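Listed after this line are the structures, all set down as structure tokens.
Two complexes are shown next, each including chain A; its partner changes from chain B in the first to chain C in the second.
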Partner chain A sequence: MKHVAPIPAESQTGTSGSGTTAFHGAAEPALEIRGLQVRFPSDQGPVSVIDGIDLSIAKGEILGLVGESGCGKTMLARSILRLIPPPGRVTGGKIMFDGVDLLGLNHERMRPIRGDKIAIVLQEPMTSLNPALRIGDQITEVLKAHRPLLSQAERNALASDLLEQVGIQMASQRLTQYPHELSGGIRQRVVIAMALVCGDVRLLIADEPTTALDVTIQAQILELFTRLQAERRMAVLLITHDLGVIAQTAHRVAVMYAGRIVEIAEVNQLFDSPRHPYTRGLLLSLPRRGVGLPKSQLPAIAGSVPKLSNLPSGCSFYDRCPHHLEDRCQVSVPALEETRPGSWVRCHRWRELPAFELPADVKP
Partner chain B sequence: MNSFATADPEPILEVKDLVKHFASSGSWSWQQRRKTRAVDGISFKLLPGSTLALVGESGCGKSTTAKLILQLLEPDSGDIRLCGESVTKPKKNALRRLRRNVQMVFQDPYASLTPHLKIGAILREPFLVKGVRPRYEINERVRFVLTAVGLDPNIAQRFPHELSGGQRQRVGIARAIAGEPRLIVCDEPVSALDVSIRSQIINLLLDLQKSCGLSFLFISHDLDLVAHVSDVVAVMYLGKIVEQAPAATFFAQPRHPYSQALLASSPIPDPRRRTKPAIRGEIMAGTELGAGCRFRNRCPLAVSLCAAAEPELQTITESHEVACHRADETAYTHEASQFQTHANK
Partner chain C sequence: MIISMPFLSIWFRRTNAMLITGSFMLLLLLAGSIIAPLLFALDPLAIDATRKLEAPSATYLLGTDEFGRDTFARIVYGAHVSLRVAFAATALTAVVGIILGTVSGQSRLADAIIGRISDSLLVFPGFVLAIMILAAIGPAEINVVLAVFLLYVPRVIRTVRASVIEFITADFVQAARSVGIGNFRLLAVHVLPNATGPVMVQLSFGFAWAILVEAGLSFLGLGLPPPSPSWGNMISDAREFIRTAPWLMFAPGAMISLAVLSLNLIGDGLRDMLDPRLQNKINL
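Moving on to the complex of A and B:
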């Protein structure tokens, strides 16, 4: 019977620093990632899936992480929980949580953190629930692992309480149902309940939590997320490719491209004046109701996402960037530079780029 | 383009009172037999060169409709007319000829290309079916369609797994246009693609529509995308069309409470304009449908009449049809929902 040793929650900003100390000013970081590197071996030598990521999430903050499939979003989430599938390996960096480096912990010491302090909600609610177990058993299983002193009755009470909190009616009856008896929206609510049942979650990782849901249900789930997050002052890492979801939910946004973070900014800042050509391209290419002529050509980003095993030298967005310069952008990887307090961009030319403007009628 | 105007050219596709029910029996013989009313009496017309968008949530019957049109499923009743000829009761050998007029672009470009065939072989097939001979002529045409969708013709030598998602979807589109159809059914053609690739594929589809005069039946749940590509919008809910209107009218003044809810809850990519969940609850189970409106359990405007009688699709203004008992009052509610998405600063 092991109990979680209380980890001293002292400030951890004092770590020996490169230029990125006190990184983009998250006042009280719940999680701080420094120089994270994840590699997978391949026939052509190791491939960097995550190549030097610095990121911090403040307490009580929703950090949106945007990027395309294969850019490393999910690997980042998995590396926080130390769940990188072999043969992948974390080859460098630190992930500071509650004053300890998660990467330095062995599996024995990682277990009390997973599910109790750091929880995850995955995309497809049907695959993250066990079809053969009643949902009550699945929720209380988390408590069995992390709160072994509770009696079964107490666990059930906690579970049904929580189901009510996530907006499920007749909670005590729901506990005896199987996942297939529930609709997609309710299943996702159950998964969220499972993630939060320990009551002490400091960081919730949500990996595309609404992608498999319909729009009207998605809106309900996102509302639930923001409500729970505010009530519990949790830090949330919200991973999605949907810029609409990001705009509606996140406080701060990090944009990933090919294993690196290319831009970080507060949400209004990012949508009003994005700095990186990739972010700009994404925002411009979205069809928007009432903007531009129907059936007109959308301003698309040319080319396709580069393979991680075959990245261009220098800036990984080089091939697709309308602003690239042969002598600079192809030569060296740009550093993440601070453009204004709290906004960072990885582009050689951010100072020279014209101001960003959406087509005129987008602003009301 | 207004597909409801009186001096219509002949529609390329006309669907009338189409019905398809699936029997979902329990696994044991004593269990009650139930019916899923996947498509339950829908009608629409699609004019040459225009795009009709079918919008709705999963399970509303969009994809079943597509399969019925492609004759991959047989309807229980109702009629589908392609280029003026019925495909539901085809004359001998007519089906093959009629089918040539319609092709499909699938959602998942990873699942819709045969993995062990080279791209060239995949694209030769429609020409072989069409009876194009000899082989060099076919190869010439394969090169032509590949160029038409913006790919290097040498890609014919490659296998699907060597291509990116966007390239694969271009191959899927090349295969669809190879038979020179007049109608293409696009079932969520970009939702499996990366965000930065989507606009390229949309641009390609719009280009092809312009240059070849294609008609699209465009199935999607992305309303912003639908607003951009379609001429007419039809909203489906549990097997019925609940609203149908020209795109401009629909997006300016949706009248069905469900359409309004869809528009209000789709997230706007602008943090200064907030969307809110507009309706509670979820789609009604098939067994609870009863006699009334299928949306009544989630509808903010539901009254006792809505549980008693199912509203019929009625014309409220020219070419704008809505199936709602309270359609007279919904114009105001829409104004209200506009206020909900106010600037939050």
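Moving on to the complex of A and C:
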């Protein structure tokens, strides 16, 4: 598989894709994001929730996107489908899909893409289904919107077929049930079925699809994602804050911090030799047993995520970074640099940092 | 009594006796007002000068008034008027309220305009405004409908608006949008059905209120012009005879109370049934 990597944004704020010309790898990207910028107005002026993101997802690739809450993962996902909640606005960049810039489409032209070519699975299965509608109606509704020529019987057949594909037994009976009659795991399967029922989905965005589920169900759902992805050769953007999920599922990982991508690498590379201090912090914070640590001590990254309205002038991780240098890190935003083919990091000091050693029992 | 009351109220809510009792009463009222004219020869306007102010008897179930008109017949036809006015006003309120509420839940500009107009209608005490409207446009059945509609529609608009704002950002609406469902369908299928509960409750109280306002306006001579019977103008006419013929006032008064009570029971019952928070309390 070819590995796709973003090019560093030339300007430090990463505005517009004009500065970023050459794009490494990705002979056939399913989706290509260039210089994406999303802003929300606030009392202190506009706040950049996403600040110059370059990212591409190859066909048939599972790209993991990790980061803390509020770092912009969900906004990135939503901007692909043009579902940024107002008053937020995409203020720059391009999202190329199928030769078209999605950001240039109006809502009428966006609608045929949503659910048919690009689909999203939301975090909360308990609330992503309409409590007032039977699940059969909710699945066939998608077909009604995208395949108006099918008869109702054909739609029902497709819906129950999809439910079977996502591992729901007695599919035809389930179609007549309401969401409240189903468990969280089943609901998430229904949501996945809804996302994939059109059969032509080329990019599936999964926004923390397993966060709300318990661990056994989580494993089943991840397995389901991997299987469906392989069967359909879809590209998948898997958003999560759970590194375990990434290790199990993703091919490549992008790490986001405060609206920017700070590191991107193939999954094994990232876990074996993370470059960015933030990524290292995340890996060290994974809960583990023993090895010289008192039981009560859970390692964590010092400090907390900076307010997006009040980012440090240089590297946004400056305040929390154990390796920061006043003269360099505080002055300028580091660019995303290639450390080896396919691996990129946004850190001034990546060359100087000591090699990363994870206690043996943590390796996923 | 102190001990038994909570149990009684829990039983009331569990079985939703309020909703059942209220619906039963309203149904009885409706059925009675429709069937009675078919069974008996009832003429609310026929004057029999020889039988004025008679007490209830086998011939005149509820006695006669000062013109010798059959009070029972007038009650039955009065029910037609009351229910017709209330139904028309509620239906109009529902249609306009849902449309305007949805629009204001969607657009800030529309919300500002509709909201300010609603506010200015809500500034006046309801009944006083109704009197003003009817004084301005004259007493007629259609005008009563219009007045009740104008007074009640802001509440429905607000209820619908609140639900639309609440549900338009709900996950399942976002999910539906994300699979390519169009705006109109999003509202009609995903947002509005979830507003049914609060709107139904609001409308059932509105219906009761419409009956009261109609009676009040007729009582003041601003509703249906005589000689047409209406519960309100019957009470008004009966004032002079409260000592000599109290049934004249008692009969329409009881009907108004029963109709309003039944609708309030329905409203409360619906609210209990549809409000999940109350349900949780009961299940504890």
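Quick notes on this one:
In this section, the second predicted complex is superposed on the first by the 325 of 364 C-alpha atoms of A that agree within 3 Å, B and C clash if a C-alpha of one lies under 4 Å from a C-alpha of the other, contacts with A are read in each partner's own complex, and residues count from 1 in each chain.
Here is the rule we use: a residue touches a chain if its C-beta (ideal position, glycine included) is under 8 Å from a C-beta of that chain, and two chains touch if they have at least 3 such contacts.
All values derive from a computational prediction rather than experimental measurement.
With chain A as the common reference for superposition, the partners chain B and chain C occupy compatible, non-clashing space.
When the two structures are aligned on the shared chain, A:Q218 is found in touch with chain B, with no touch to chain C.
Applying the stated contact rule after C-alpha superposition, one finds that A:L282 touches chain B and leaves chain C untouched. After overlaying the two complexes on the shared chain, residue contacts for A:E154 are found with neither chain B nor chain C.
Once the two complexes are overlaid on the shared chain, A:P112 sits against chain C while remaining clear of chain B. Residue contacts after overlaying the shared chain place A:H146 against chain C, while chain B stays out of touching range.
In the superposition on chain A, contact is made by A:P131 with chain C only, not with chain B. In the superposed pair of complexes, A:P85 makes contact with chain C only, with no contact to chain B. Contacts of A:P299 after superposition on the shared chain: chain B is touched, whereas chain C is not.
By the document's definition of touching, of the two partners only chain B reaches A:L243; chain C does not.
Superposition on chain A leaves chain B and chain C with their closest Cα atoms 6 Å from each other.
Chain contact summary for the complex, chain B toward chain A: residues 57-58, 164-167, 194-200, 202-203, 206-207, 209, 221, 223-225, 227-230, 247-248, 251, 261-263, 265-280, 282-283, 298, 343.
Chain A meets chain B in the complex at residues 68-69, 183-186, 214-220, 222-223, 241-248, 267-268, 271, 278, 281-283, 285-290, 292, 294-302, 304-305, 320, 362, 364. Contact residues of chain A toward chain C in the complex are 81, 83, 85, 107, 111-116, 119-120, 122, 124, 127-133, 138, 141-142, 145-146, 191, 194-195. Per the touch definition, chain C reaches chain A in the complex via residues 169-183, 185, 189-190, 193-194.
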